[in-house]
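Encoded as structure tokens, here's the structure I'll be asking about.
Chain nomenclature is as follows: A, B, C, D, E and F, assigned in order of appearance, with residue numbering initiated at 1 for each chain independently.
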């Protein structure tokens, strides 16, 4: 927790995505939460762990399911000043994925490094 | 599918319990379904696989959670003519459990034997 | 008997468990998050390849496309919902989740 | 940081995953179906014993009793909801499910 | 063939409701009879007429109502409904609340009962 | 301390609602301030006034209403509510529907935000 130049509280809030997209709504509604929170000038980050990394895969086409897709919204996060996107290295590797398979630039970290970042947070919300 | 002495259809219906009790309602509402179905003179069985075997553990006391317990209802199944209770051997072993830890008498079978029983069913409902 | 599996094999033990109960020749259909099971080059590749030696394996193509899965394990057959209906016409269904 | 885990370790990968991220000395609290993790003599005993070498491990006693768990792994501390509140007073919370 | 569908999860939160619908639609298209969709567990939430999903997404509640209009029975279990706030006065058109006995009748009558859950 | 609770699952189907309630009760008993319980995802179903759970089981809907009466804000996310049929005319007493901005305010204001999910 810090204060910004106007003396307002700035909290470190990390959202954790651990679920695959589409099979359940958690990642999608989690992303909606991130977008709203991004308007409040807090220190927001997102970490993608386990099946959460699948949310970032390129070329998701949900038209056949008649479900609204949202992978592209992750690309827009930049415009909302949400720039701290961390991806768990082991989660990528287990799934046979590489950073270039993902729709956005992310920081690939090992689990201990993400664990340290988690511990620095004022709030951690698993979506 | 067979016919009983009055020429009525008798279907083989297996309910599969794979979830732990209390953490989710699936096993409890599954048991409610079994109780109703038992009144229809069908050939009902239940198999307990994975965390489903936990539903049968003795001495469950849910008073502290203020949640209604239902382990004892499994003991009453006998009175509803639901007597075919199959437990997966591997699921018990992984959990360090023995048949005598369970609240009812069950038939402990290996997975292939339960797989064969499944294949004989007209309806299989995972709860 | 048609076995369907809709859970991610990473998140949940449904694939690991169901395989113990599936008899040879019975078709296995992956849908929803279950389709990650047949993505090529993940840690479940060997499990699926072993399954393919004895059982036909299907996945719903709409679920594959929705998840951006480009390469599926060889011999896994992609079908649509009508293909799913065809399988149900021939088999009783065992839905693992 | 307090880590809570409410999933059965057999059903779901939450225990397996969270352990990679939990730092030494941080308390770990099992609740709901998560408490099966600390039942003595199941296949996760070694995982929990390893965790106990570096971290205090707690489980909600009401959840233990509700599930008929008689023996928990040595050094796992059973607490009630007020004990849970005490832990939250001292730590930020990381809820794994 | 005669098909019964058992749907065990609520709308949007799990894909089960979508898969059940897509399956039903494909079965009808192929000329099969989809007798009924029985809603159990959180599945009962699929027939709330109070819902207003986002305009740019599919409307699952309308889908079930339209299937009901086409003659597919859309049935919510009464016990499951009472636990989750689904009652006669909040049901979408062409759906109704009934008991588990009806599901048993369906299971006996249809050629195939197909479950969708999570 | 000031506590906020985020509840992400519906009543009965998952124990999360029970755990959140037991935690809130214990925190109040120990003299802490439980500012609010924010309901997200299927969590919004916890405040339906149409529910009639079995007489011999706990009534989760009444619990939230009573906590609300005691001054804990019981808040359901509007977007999540619209997807699941929760609207102003089916809310239990002492609960209300609000936006995710409110959750953000809560997260900023409280000492600890505790999530219950599944």
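Rule of thumb we're sticking to: a residue touches a chain if its C-beta (ideal position, glycine included) is under 8 Å from a C-beta of that chain, and two chains touch if they have at least 3 such contacts.
Predicted model, so just to flag it, every value in this text is computed and none were measured.
Common partners of chain A and chain F, by the touch rule above, are D, E.
Steps from chain B to chain E, taking the shortest chain of touch contacts, total 1. Matching CA atoms, the turn from chain E to chain F amounts to 180°, rounded to the nearest 5.
Relative to chain C, the chain whose mean Cα position lies farthest away is F. Across the assembly, the mean Cα position most removed from that of chain B is the one of A.
Interface comparison, A-D versus C-E: the pair with the greater number of contacting C-beta pairs is C-E.
The mean-CA centres of chain A and chain C are about 28 angstrom from one another, to the nearest whole unit. Rounded to whole angstrom units, the spacing between the C-alpha centres of chain C and chain F is 38. Averaged Cα coordinates give chain B a centre that lies 33 Å from the centre of chain F. Once the centre of each chain is set as its mean CA position, chain A and chain B turn out to be 40 Å apart.
Shown for chain C are the residues in touch with two or more other chains, namely 6-7, 10-11, 13, 32-33, 62, 80, 92-93, 95, 97.
Counting partner chains per residue, chain F shows two or more touched chains at residues 12-13, 15, 22, 41, 54, 79, 83, 113, 115, 117-118.
Contact of a single residue of chain B with at least two other chains is seen at positions 22-25, 50, 65, 67, 123, 126. Chain pairs that touch, as defined above: A-C, A-D, A-E, A-F, B-C, B-D, B-E, B-F, C-D, C-E, D-F, E-F. Chain B contributes residues 22-25, 65-68 to its touches with chain F in the complex.
Within the complex formed with chain F, the chain E residues making contact are 10-13, 41-42, 45, 48-54, 61, 79, 82-87, 89-90. Against chain D, the residues of chain C that register as touching in their complex are 10-13. Of all residues in chain E, only 1, 3, 15-16, 19, 22-23, 25-27, 29-30, 32, 112-118 touch chain C in the complex they form.
Here chain C touches chain E in the complex through residues 6-7, 31-33, 62, 80-82, 84-86, 88-89, 92-93, 95, 97, going by the rule given at the top.
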